[in-house]
Amino acid sequence: MIAFAFRRMFGSALVLAAVSVLTFLIFEAIPNGDPALRMAGQNATPDTIAAIRRAWGFDHPIWRQYLTMMRKIFDGSVISYSDQANVVQQIRRGLPATISLAIGAMVLLALISVTVGTISAARAGRVTDRILTVGSLVGFSTPPYVVGALILYIFGYSLHILPTAGYVGITAHPWAWFTHLLLPWIALAIPVSGASARILRASLLENIHEDFVRTAKAKGLSRTRVMIRHVLRTSLIPLVSLWGLDFAALLGGGAILIETIFNLHGVGQYAAGSVQALDVPPILVITMYGAFAVVVFSALVDILYAVLDPRIRLTTG
Amino acid sequence: MSEVTLAAVGDGGEAVNGYRLTLRRVARNRPAVACGCIFLIVVALCLAAPLFASHLAHTGPNDEHLTGTIGSGSHQRYIVSLTGIPIGPTWHSHFFLGADPNGRDVFVRLLYGGRASLAVGFIAAAITVVLASVVGVCAGYFRGWVDAVLARLLDLMWAYPVVLLAIAIGTVLAVGGISLGPVKVSGGSLLLPALIIGVVHIPYLAKPIRGQVFSIREREYIDAARLLGTGPLRIIYADVLPNLASTLVVFAPLILANSILLEAALSFLGVGVQAPNPSWGNMIGAGVALISRAPHEVLVPSAALVACVVSINGFGEGLREAADPHGRLELRAK
Amino acid sequence: MSALLNVEDLRVAFVNEKDSYRAVDGLSFDVNPGEIVAMVGESGSGKSVTAMTILGLTRGPGVGISGRILFDGLDLVTAGEAVLQRLRGAEIAIVFQDPLAALNPVQRIGTQIIEQIRAHERISQKAARARAVECLERVGIPSAHERLSAYPHEFSGGMRQRVMIAMALSCSPRLLIADEPTTGLDVTVQAQILAELDDLRAEMGLGVLLVTHDLGVVADIADRVVVMYAGRAVERAPLDAVFDDPQHPYTWGLLGSIPRTDTPRLERLATIPGQPPLPSELPKGCTFAPRCPHRFARCAEAPLLESRLADADHSDRCWLSPEDKRVLRNTGTGIGLLGELAATQ
């Protein structure tokens, strides 16, 4: 088990290195013109451009540029030339919102998918199942920002039940934190739960016919116990690893659009703003961090999977 | 975030129906066919955009009527009110679904926007299918170091959240476009987002294809053909590709749906289809600011987008049921 | 001594819009405490369905069950689900084929055994754990205490089957149903498992219903044999009687098809020609007649299961007279299907 974990983490380290190289290549090596110009953003003076060229080492060989970039990112000294703000500091300021958003959305996602998936499977083929199936289909076909805009309109502006924008820190005011995040959580959870619920349903229906479920019944366990402790538990395992990856994607800025609609000022919104202003340095750093998050979580999720399903430990990481 | 991306597991080859049988079976699945028809209607409507614009609405997608009025006599109103609020749906041929803050006809923009969104979606999906097939087949067939390199590259791309990667590349290319030797794509063209979206989705299709090719390659008739001295290209063409056809048939709608969704997301942020050209995504993005006072700005393009994607996915579900009724090809979301 | 289990005219049919598959079509037999009854037959003869129906595991929409299964005076066919749940694992236990698939792959075996114990008895986790260790030791698993935290895939095939047996016996049931418990295991391991079963039977006074297709297994430990064909018992007898004086042509076929070391090698292995009938197309009259080389006019009428010999315990379902049978079944050096009837058809 420990050996498996180490192997996996080591593999991840390699991927992280590769990710940093690829990100570097995207931002500084695409044949598209002058990277300094791009990085300077709009309204840049020739002086700024020259300064950028020096600071990032664009005159140097490409491997040195890479090292310079890595150093700047990990030093926390990347500066956006559009607004002179320190990128890493801005990111840190937006993290609490983004993390709150991600965690809450995942919890809600788990609850919805398990409920919908289990009910669907239990009533497979009947009306309830069909309705839920169509619902899931519509769910995962609707982008989160559409759901967000819709519920924002209904609950925020029409009914005035929930606040329409902004983020409040949990330590400052727990209830406000909750009400401000509720709509964004729902907006993010619904589309992903559509897909998750379908997968869980398929997994449950498959596992119900497995031999070990028959054994569980033959042991004299109640139907509920058989369903939950045997069928559901085994069916959830693949889902848990998916959820881990979804969480990583959320953290890495996948919730960009939701943060924008709800004005949460998280990392995602920072990315969105930078995109609109074509401000490259923040996007560079966020992309790097986003990919890192996914790689790390990917490894964690694999390890978690191995904890839950011991058969996996026999294969290499 | 509503990305349903794919990992095919197991040997789908024998258990999955050939594509002709699949298509016949789908034809019998009425809800799936209904979804397919809805999608075709949407496409047809969007293609007919110029007709509608010139004959019914008498306005183009970018024609602004900021100071104009509509109606006559006591019902006369400003198209865009003095406080900047555009009118809602009139349900008449002019401004059928209302106007936007610049006085442009929403329905006309919706149709033209649909053309853009669908065009980008289809082109991107085509790029994904072609490139992913090439990569997947090469990796799966030639194995060895070719596979080692390609598989690592795919894993690498897989590490990036799709939206983020698309944004990153989109931002980099937004101003200058890209020039790869003889191929030059300018910053404002539709091909750019299509290219980005197409490339970004490659790992999601290439990995399942690679897996399938692995198992197809194990089969005896491939060995027989190789022993006979048939060249790899011929084997791939004659033996491998037909078996992949049913897999592609199943995955294609999902790729198309995701491409359209990603285009909308990118346009929402301003990195996809650039203003003033309409696309469903940028219309939604622009509408969010007005959501309290002119909700139709957001609701109309959203409804169109959702209807379009739901119908594609609905049809896709039907296809998947027909091709793979026992669930051998597992669709896993990422 | 009254029977532990009493199956009377059991019929199990799977019905859908088009056909009705009669998997079990009028089966009757008993199991007494402390004895091993072997149910033998080809795949599709209805043996596994019978085993599962006893525990009510085949119940569901589209399944028609009739007849009686008496356990301790209680009719299991009509008993409610709650009653069956109490019996399962506690009074009647079952061991399945393929323990790798039959055990939950992601749970430690200790957890699985304890779960069964605590489902039926109010004892503490600790006490249940101790009992689980005892159960494992009883079936001969070394280092039982450590092995409790192992997963099913960490055992070898034979050990896994022992785990299943241990689990099944953890609540000291009175009847054990073993559905092909040794199929797929090495021959030596098979012998060990069967020996264990026999010992446990003696130790605990268990009644065992052993479902198998392997006559070798039967010969090892069975006390009585029920030969099944197409959902019915075609012969029912004590072990020795079946091997020394088999009465039904199907039994002859089964016995004759056992490879022997003392026949000349060049002979082809004897087989029973043809295929068993589909459960949806059972022939009228004797179900074995289409494959039976000795069929005659009377076989158009379905034979009854009755004893035509002096020994009331030995019944069979064949119209041939015992004398004719004795002539027909001997083929040179052994028992088989080909023989010549001096009398006419």
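In this document, chain identifiers A, B and C correspond to the written order of the chains, with residue numbering beginning at 1 in each.
Assume contacts are C-beta pairs under 8 Å (C-beta built on N, C-alpha and C of every residue); 3 or more make two chains touch, one makes a residue touch a chain.
Small disclaimer: the values here were computed from a predicted structure and weren't measured.
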Per-chain CA centroid nearest to the all-protein CA mean: A
Of A-C and A-B, pair with higher C-beta contact tally: A-B
Rounded Å distance, chain B centre to chain C centre (Cα mean): 58
Chain A and chain B: spacing of chain centres that average the CA atoms, whole Å: 21
Inter-chain centre distance, chain A versus chain C - centres from mean C-alpha coordinates, in Å: 54
Complex contact set, residues of chain A against chain C: 210-212, 214-222, 225, 229-230, 233-234, 237, 308-311, 314
Residue numbers on chain C that touch chain A, as the complex places them: 55, 57, 85-90, 93-94, 96, 98, 101-106, 115-116, 119-120, 151, 153, 164, 167
Chain A partner contacts - residues on chain B that touch it in the complex: 1-4, 152, 155-157, 159-165, 167-180, 257, 261, 264-265, 268-271, 284, 287-288, 291-292, 295, 298-299, 302, 305-306, 309-310, 312-314, 317, 327, 330-334
Residues of chain A that touch chain B when the two form their complex: 15, 18-19, 22-23, 26-27, 30-33, 38, 137-146, 149-150, 152-153, 157, 164, 188, 191-192, 194-196, 199, 202, 206, 238, 242, 245-246, 248-250, 252-258, 260-261, 271-272, 274-276, 278, 280, 283-284, 286-287, 290-291, 294-295, 298
